[in-house]
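Listed below are the structures to be examined.
What follows is chain A paired twice: with chain B in the first complex and chain C in the second.
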Partner chain A sequence: MDRVRLFAVARKEVLQLRRDPRSLILAFLLPVALLVFFGYAISWDVTDIRLAVVDQDGGVKARELLDGFRASGRFVVASRLERTADIGPLLDRGRALIALVIPPRFDADLGAGRTALVQAIVDGSDANTATIALGYAQGVIQQFSTRTLFQTRRLRLPIAVQTRIWYNEELASRNMIVPGLVAVIMMIIAGLLTSLTIAREWERGTMEQLAATPVTRLEVVIGKLLPYVVIGLADVALCSLLGVLVFHVPFRGNMFFLMGASFAFLVGTLGLGLLISAVARSQLLATQIGMIATFLPGFLLSGFMFPIDTMPLPLRLLTYLVPARYFLVVTRGVFLKGVGPDVLWPQGLLMIAYAVIGLGLAARAFRKELA
Partner chain B sequence: MSAPAVTVEHLTRRFGTFTAVDDVSFQVPRGEIFGFLGPNGAGKTTTIKMLTGLLQPTAGRGTVAGYDLARETESVKRSIGYMSQLFSLYGDLTVAENIAFFAALYGVPRARRAERREWVLAMAGLQDHRDRLTQELSLGWKQRLALGTAVLHEPPVLFLDEPTSGVDPISRRDFWDLIGGLAARGTTVFVSTHYMEEAEYCHRLALMNRGRIIALDRPAALRAAMPAPLLELATDDSPRAVEALEDAPGVIDVGLFGRAVHVTVRDADAARAALPALLAARGIVVRGVAVVEPSLEDVFVALVHAAGGALAD
Partner chain C sequence: MRLPERFDRLREFVRKELIQVFRDPRLTRIVLVAPVLQLLVFGYVVTTDVRRIPTFVVDQDHTLASRELVRTLAASGYFRITGRSDRPRDLVEALDHGAATAGVDVPRGFARAVTRGDATVQVLFDGTNSNTATVGSGYAERILMAYALRDGSLGSALPVELRARAWFNPNLRSSDYNVPAVMGQLLLLLSLLLTSLAVVREREGGTLEQLMVSPLTAGELILGKTVPFALLAVVEMVMITAVALFWFRVPFQGSFLLLLPGGLLYILCMLGVGLLISTVSNTQQEAMLTSFLVIMPVMLLSGFMFPVSSMPVVFQWLTLLNPLRHFLEIVRAIFLKGAGLAALWPQFLALLAMGVGLLGFAATRFHKTVR
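Right, the complex of A and B next:
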């Protein structure tokens, strides 16, 4: 490998990048836009659950129960109904997710020490949300009955659990989504960025001129990669900064370790883009393949949306080809847990292996065409 | 006597069942302008791609600047300059950036780069346009810049694949002046073209058709080797005249040449007398008859006919 030729290729790539607005937008604007967009759009938190209430009792205790719902921060009382028959239309239209019926003898039953019944009707069409909402509702009612119990008979709870949640204390899904997004977005950007670069040389005929010079394939591949690695590292830093400043995600790990891991991840993913580019030979085709190879696997097969452990075996095997799968564990680990190489070394090694194989394949795909 | 710049023995390249270059052998001495002439698809570009290491030969071997094509590809690439059919410098780099890039790739020593850059700029007449994007230049300028970058490292052998296609005649003349200058200083120039008039600039010419070399000599010798005299007839209806002369006595070959008719005959004097009368009998007016020096195109067509073949394309 000749250093002069290597840096000549890298320098040329930088000059071309600087004059290509499309690539610049792709390199710097798109990651920020994607992070902000998805960061706000995706949320798995269930809050502001719309509650419809049919209070047939109207007593003090019934009001206390409703206050408990409001105070939990999860529910808003969306409507009060006179008759249970009105619940159906309301759920049909999605105006309420859950309807609570407090029967006439509620207050009296409680006062007499009998078990009082309340009815909850839940819109189960979105099973996930329904389960979570129901869980919260049961929690509120549980708390209410415990308190009532203690007030009437002076009892003590046999077992008390003290829970502490680690890493994501508020259980905010955003804290998990944003670091994951950094990994997914970087996979998309890195794959797309380089998918154009070799195809462009084929399309414009400059590849033939390059091939007639003493420059070697590896010099072209690595020379082209260098500027994009720098851009990718800048993007990771930029996205991390946005995550902390805009989304208030904690960053507990070491920035240098994140950069080192990013480097391995970027080399592999950029190599994947180069491979696509060398095979496709046309910019249009390369972009299309690049989109398909990065967007869907990035979101669906990286463990970002769905846990990999619960996937069927063929899909699970497929995830090993998705570089974001490894990087995602690293970003979440570094952001939330503050862990380093002592914990994340398997992911680090896998990314390095991915990088070596990716680069090798890109250089090989290239060799066939030039020979 | 020094070793030849290019030697080729039984060079063959097949693409599937199609043989693009078929058992070609020749030598090019140093400092020669060696031309490849033939229609599109004759195998000129494929031959050049094999000689520049861009394509592996299916069979046969060759050396360029003393290096073996198959075994010493890297050394071959260091010793040649190459200019492909299509303009292939970077349009989104400036003139100076393109020169700097290729100077680095070709390993021009740092100390000599500025001097070589100025030389190329002067040669291409681009001193005042060094900071312009290459894509904004006219085709003639682009062509000269491409030539300049191809000889940045002063290679002993230069390959030009149809370098002047699409360039206007004046730019083409300038271009050939530059090539003549390079050859005079010892560079071997290997050039392909389908412009017959350009072939005259070459010291020696290989006529190629359907993957084979059908003749190889100096342009003048090729013309002199035309076996029979050639008459040019100016008539008022040349297509009909060609038809009428096809089976006429003493006529070997007849064809349209622009608006005139070219007739290869056994005996020039006899034909001069007989042919106008023969045409007049058919109602075709003959305005003039002259014995002409055969052009390379005539030679080419005659040779292809003599070989019993048809033109490629």
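Right, the complex of A and C next:
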């Protein structure tokens, strides 16, 4: 490989990028926009659940139960109804998410030691929110239950459960999102940007010109990668910095290890992008393939937001082929767990393997296309 | 010119455009196959259900009671025992390596402590995925509490029991909620990306000028450019609906006759946005990156994966400007609630206003840029 020719190809690519300042700006604007949306706008947390109450008992215990709901901080009593028949229209119009029916003789049942049945009717159309809200309701009821039990019988639970959360002590979703976003952003930038570069040369007919020069195919591939590697690494640094400074995400590990793994991951993904580009030959097609091959797996199958353990088996097996899955273990490990190469070496090795395979495939596809 | 002639001309132009789009058989294949693949992945992956949490057990007691406790946890289906040991150090390692997400530590002398009534069990969670940790720790506490009550000398059930019923989606299947909504995402990706790129491709290739010197009016030109993608989007919509009904078995309560115009209005909006992007982009790369900058917020601020109601108020207002938000409300209400125009007219009106506005604005801009 000739260094002069390599840098000539890289310089040409840089010049081309410079002529297209918007792409450059977007390459940095996109990560920032994503960070802001994920950091500020979006969360799984379900708060202010609107509760409708049909209290057919009206006793002290019933009021105590409702106080329990309010005190949990998750529920807001949105309306009080007289009859259960009124629940239907209320849920239909989305005025309440859960309706709670406290039966008559609730107080009496509790006093007599019989099990009192409280009914919850939930608007299940958003199954996600409904499940979470029902879980909270269960928790409130259970707390109330045990308290009542021990008040009446002067007993205490024989087993105490101590729960501790590690790595993300305050359970903030931004701590989960930001390190994951580093991986997803690289997937988007690297995969989508490069999936266009060679397809563009084909479309404009400059590929033949490139083929007529003495550059080897590895020089073309690496030369084309270099500028994007720089952009990608700058994106990683930018995201990490913003995450730590603006969103106060802890950074407990080693910056150099993160950068090293990012470098390998980038090279692999960029190689994949070039492969798509070389195979597709048209930018329109390349973007569509790029979406399916890089963006969607990076977003959905990496464990970024949706845990891999809950997926059905075929998809779970598929995730083993998604490099972002392993890279995510690295970013989260470095950010939150503060672990280094001693723990993450398998992922590190996989990243290096990915880089080699990506480069190799890109170079091979390139030769075939030129022949 | 007489109307029939103009119509003939337009028809021929649309035909030419359709031929151009489908000339590349690989693009056709991708455009038709990709949505189904994406629907399958989205449908299975997008869920906040927490199940099968990989759990590491440290049993320092080795008694019937401790084994029974672990068995109860595993039998719930929420926890999957992935490793056992009697040294707490191994638990730390399992969490560090990501081999387990949760850990249970049963201390020595647990069984004796239970009979005394002062036993403690420690539950550890890897908080890296905040949703899994929040929901999972709730499950663990509830299961262990129920176990404590059963195992203890209290010999009674909890005094209050919650009976939950879900309306509109009785089984709380998250795929019922998510699969119809994926339609919105896929139409977004298809119509926006294809329109913006296809138009810019013509500009890059210089063939747009050729069209300008033809007798076609600007309006006809825009119509001809958008109709093929609108047709494609409608075909895609039908395909997605079929997969949702026959593969995911999502119930369909409403009317297809209402879904179709809703989809058309939404497609109108997206074509407008795509056209608008094409007027501000000079290269396909620019068009793609700009599209992405639009697609991400539209997806994230739509209520697709993250409920609108848990966003900060400012962002909730912003979502009102998002066509996808209104389309999702229409799709979900038609699929799950069987809602009619009486309930959905505000959403239809919003889509109509935005569609006409966006397409109108895009048309005037388009007109200017080609001149």
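To be clear about the criterion, the second predicted complex is superposed on the first by the 300 of 371 C-alpha atoms of A that agree within 3 Å, B and C clash if a C-alpha of one lies under 4 Å from a C-alpha of the other, contacts with A are read in each partner's own complex, and residues count from 1 in each chain.
Just so we're on the same page, a residue touches a chain if its C-beta (ideal position, glycine included) is under 8 Å from a C-beta of that chain, and two chains touch if they have at least 3 such contacts.
Everything numeric here is computed off the predicted structure, so don't read it as measured data.
Of the two partner chains placed around the shared chain by superposition, chain B is the only one that A:8 touches, whereas chain C remains out of contact. Applying the stated contact rule after C-alpha superposition, one finds that A:244 touches neither chain B nor chain C. In the superposition on chain A, contact of A:233 is made with neither chain B nor chain C.
Once the two complexes are overlaid on the shared chain, A:208 sits against chain B while remaining clear of chain C. Between chain B and chain C, C touches the greater number of residues of chain A. Residue contacts after overlaying the shared chain place A:333 against chain C, while chain B stays out of touching range. By the document's definition of touching, both partners, chain B and chain C, reach A:20.
By the document's definition of touching, of the two partners only chain C reaches A:30; chain B does not. Once chain A of one complex is fitted onto chain A of the other, the partner contacts of A:218 are absent, as it touches neither chain B nor chain C. In the three-chain superposition model, chain A touches both chain B and chain C at residues 20.
Interface residues of chain A, counted against chain C in their complex, comprise 20, 22-23, 26-27, 29-30, 33-34, 37-38, 40-48, 65, 91-92, 110, 113, 115-132, 134-135, 137-139, 141-142, 144-146, 148-149, 152-153, 155-169, 171-173, 175-176, 188, 192-193, 196, 200, 203, 280, 282-285, 287-289, 291-292, 296, 300-301, 303, 305-307, 309-312, 315, 329, 332-333, 336-337, 339, 343. Residue ranges of chain A in contact with chain B, taken from their complex: 2, 4-5, 7-9, 11-12, 15-16, 19-20, 204-206, 208-215, 370-371.
Taken together, the chain C residues at the contact with chain A in this complex read 24, 26-27, 30-31, 34, 37-38, 41-42, 44-54, 80, 95-98, 101, 114-115, 117-135, 137-142, 144-145, 147-149, 151-154, 156-174, 176-178, 189, 193-194, 197-198, 201, 204-205, 281-286, 288-290, 292-293, 296-297, 300-301, 305-307, 309-312, 315, 332-333, 336-337.
Those residues of chain B whose C-beta lies close enough to touch chain A in the complex are 52-56, 74, 77-78, 80, 82, 84, 86-93, 97, 100-102, 104-107, 133.
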